[in-house]
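Questions regarding the structure given below will be posed in turn.
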Amino acid sequence: MGKNKKAAEETKNTPGTAQEAIRQLVMANRILSNEGVLDAFGHVSVRNPENPKTFLQARSISPFEATEDDILEIDLEGNVLTKITTRPYGERIIHGAILNARPEMNAVFHGHPLAVIPFSVTDIPLRPIMHVGSFLYQGVPVYDDYESGYGMLIKTKEEGERIAKHLGEHRVQLLRGHGCNIVAENLPQLVVSAIYLRDNATVQWQTLLLGKEPKYIHPDVAKVTMQVVLFGPIPTARMWSYWVTRVKKNMPDMKHWK
Amino acid sequence: MGKNKKAAEETKNTPGTAQEAIRQLVMANRILSNEGVLDAFGHVSVRNPENPKTFLQARSISPFEATEDDILEIDLEGNVLTKITTRPYGERIIHGAILNARPEMNAVFHGHPLAVIPFSVTDIPLRPIMHVGSFLYQGVPVYDDYESGYGMLIKTKEEGERIAKHLGEHRVQLLRGHGCNIVAENLPQLVVSAIYLRDNATVQWQTLLLGKEPKYIHPDVAKVTMQVVLFGPIPTARMWSYWVTRVKKNMPDMKHWK
Amino acid sequence: MGKNKKAAEETKNTPGTAQEAIRQLVMANRILSNEGVLDAFGHVSVRNPENPKTFLQARSISPFEATEDDILEIDLEGNVLTKITTRPYGERIIHGAILNARPEMNAVFHGHPLAVIPFSVTDIPLRPIMHVGSFLYQGVPVYDDYESGYGMLIKTKEEGERIAKHLGEHRVQLLRGHGCNIVAENLPQLVVSAIYLRDNATVQWQTLLLGKEPKYIHPDVAKVTMQVVLFGPIPTARMWSYWVTRVKKNMPDMKHWK
Amino acid sequence: MGKNKKAAEETKNTPGTAQEAIRQLVMANRILSNEGVLDAFGHVSVRNPENPKTFLQARSISPFEATEDDILEIDLEGNVLTKITTRPYGERIIHGAILNARPEMNAVFHGHPLAVIPFSVTDIPLRPIMHVGSFLYQGVPVYDDYESGYGMLIKTKEEGERIAKHLGEHRVQLLRGHGCNIVAENLPQLVVSAIYLRDNATVQWQTLLLGKEPKYIHPDVAKVTMQVVLFGPIPTARMWSYWVTRVKKNMPDMKHWK
């Protein structure tokens, strides 16, 4: 089987089994750490292909360190189904609530890339300024309705539902002074979204500093660009393969390579 | 013992023995070097768990290179108690003076991360703009009362006391055109503070350049965020474990691993 | 044979055989990936020294991963002559169209370095601000005449010809909200151009933010600088050797080293 | 011999022999490459301790790759005394002219760190904004009197003398749209100057963007700071040791380690 086919297979939208999803999830964690989008904090989830009412996610550990043994099965209300003596992420409710509200979607990212924060604490909206940011064409709302007393963490079922409602039909929402949530059809598209959200925010910031109104990508064009350039199976497979190769180069000692 | 428990143990607030504190101190030095917060200059200290009137600190060497054999015991007036033929840091008086004035605190950082300098030479105060900067909620005063003739180094007992008085009940103070001092309950919290001070300063700078007044985190919310998100034992253990893993990955040849 | 001579030989303008050109092309891909100018996307081509009506280019794969076995022969209309079961780059038409329109040139770059995007979405022209950007002395036009329905990708023969016509006698053109195309006499000069285009854009952006009109390099001086400092055989050989050494240091496990 | 003493010895101001100077020069080249101050271009020289009328410098090669075998002896007028079949740097006249005009100095840097360019193409003077930039206290003049026809390269004896005269008693001069020259008493101080020139320029740029007049370091204070903090034998030895350790970590395969 050629490398291209193998890569396309590895990035197929719906892994057939939970075990395949777990392997892809571990790699998504490593890619996002290796590319500097996640640090000790932040988390990624994927809907369980064997049960759409549960999702898979690492236990409370930095994404950089997560292995297959660290992946838990959790229901959409945040109950951990895997028997563990360790702890789940406190904010797992974000993932359950969004997956519940968006049955067509299967993967959720929550993290704190620095580049998005300026757009979360001003009234300047993030918009697609280059083709790799095209998936932002529906707009990026900013959440600012935190439960009091939880230190800006999203922990209650009520706030999870509020988050999901605020996200609505968008793919990305910012959380004021905190970070962002991203939803996607599958893990590869989620990783693409997280990495290029950072890049689009960086370039938009750089352009705004020049004091000129940038020529943003028209939403109609951006929609096609997203479908063709970013989320088509061939470009997605190429990006995934590239990021996997970089993980393997930079983390040669990591366990659980396949 | 699971990895989580081990990490929590390694980050317990008060190491029981001087030897445990020395091991944690060497790792703190490596983490701060590896994350780019310290270069050849800057230093970290921890109160001696076996004697609250002394503290532990590397001899005059870059933090990146310090091993357990390089750690000295020093009293709060700056007298080196360890018999040495080498030299201590010239600015060790900063550490003694702050630990003397703040008996509830046990760890001190002095360094020169570039990102804080702009806030030390203008009248723009550093403020918490994202949750990881919440520990700045009490404000960040700027010291500008240098002894003349010492080239902006803090070397005299009198200036050490002036520094400690200026810091007051804050956790962070900037030194004009020079760097910053940070105080914390323990080394893991100190490392968290040093790394995220840099990140908060970076994001605040990026946001201010957009020409909009940022929505800072309210001090009351920031205080809770600091307690829950940053300085709780579980998130602190997760961050510490993450940074240790990165040290081990990037410095595989360093001696004295445990 | 001394290292200097070997490097000069390796960078000679016109490789004598297709095999030599393929080796140089693989290295150009690796250099541009290693220096951060290309990521999973972007592509490089070189005219076939054995047939000026065809060019050589990797199949659809990230430049970082391309080996000699991945190089295809393609005619100037974009027809793939190599028998393959894999896929070529969708945008190969850019390369064919430019090589057809510029018979004196032999190498083409298409990529998306973030630093150039701000100049593609505002009306601020890129200009040589430091000697390594001297090759921009003829100006850098911005293309904004995309075929509709292709998501900003350049895929049709008609758009390829429009791109080539818009490029005209220039060495670099930006594509609005997308990236840039570069043309050069040979692969080493192309690599020099791609790396220093990024650096010149970065410095020009930094300078413009200071709110002063920069003193750009006069076109007449820039032209001589390009010929003497950048594209002379000796400086080009020195840069090429330097970037190759960095590739070998950073990618010790890559296959197909010669 | 303890590590500290060894480091102090390695950084002693005047190596006793040409051989010692050559070893220090190769390391200076590697440090400046490893810290990102030099790329394929730029060069460093040191006065020959066995003959003050000649200096030592690598042949035309990237500083990153230079070994002891690549070091040439050159007189102050630029004549290469070492018998070679390879080539010297085209701009070696800069080094000879400055060493001739400044008999109290023994080491010269010429390079193109991006961070200084904005200050070379606007009328904003570089000034010491943090203690590590204190060595700029005498001001940083900008040269803009290029010989025509040489593409901004400094190649003629006349222009070398013009450069030296323009530098005068300063330590640093910028070359408009090109880079900078630095002179120092010895190689370790030269390396310190080159690295922190970049950092001071970066921080000054960051501060100016905030739109406030920065509080620069007073020249009288900066002078003392330079003498005590930067160029004293102990801090210089600590920095040198730190950068050497990083070279050894990052370039484990480089030949000619001692």
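Letters A, B, C and D mark the chains in the order given here, with residues in each chain numbered from 1 onward.
Definition applied: contacts are C-beta pairs under 8 Å (C-beta built on N, C-alpha and C of every residue); 3 or more make two chains touch, one makes a residue touch a chain.
Computed from a predicted model, the values in this text were never measured in an experiment.
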item	value
Relative to chain A, chain with the most remote C-alpha centre	D
Classification of the chain B:chain D interface as same or different, half of numbers criterion	different
Degree value of the rotation bringing chain C onto chain D, based on Cα positions, nearest 5	90
Centre-to-centre distance between chain D and chain B (centres being mean Cα positions), rounded to whole Å	32
Length of the line joining the C-alpha centres of chain B and chain C, rounded to whole Å	45
Residues of chain C engaged with two or more neighbouring chains	209
Which pairs of chains touch, using the document's own definition	A-B, A-C, B-D, C-D
Chain B residues touching chain A - in the complex, by the definition given at the top	2-4, 128-132, 134, 199, 202-203, 206-207, 209-210, 212, 214-217, 221, 224-229, 234-235, 238-239, 241-243, 245-246, 249
Of all residues in chain A, those that touch chain B in their complex	39-41, 59-62, 64-65, 85-87, 112, 114-115, 117-118, 121-124, 144, 146, 148-153, 176-179, 205, 208-209, 251, 253
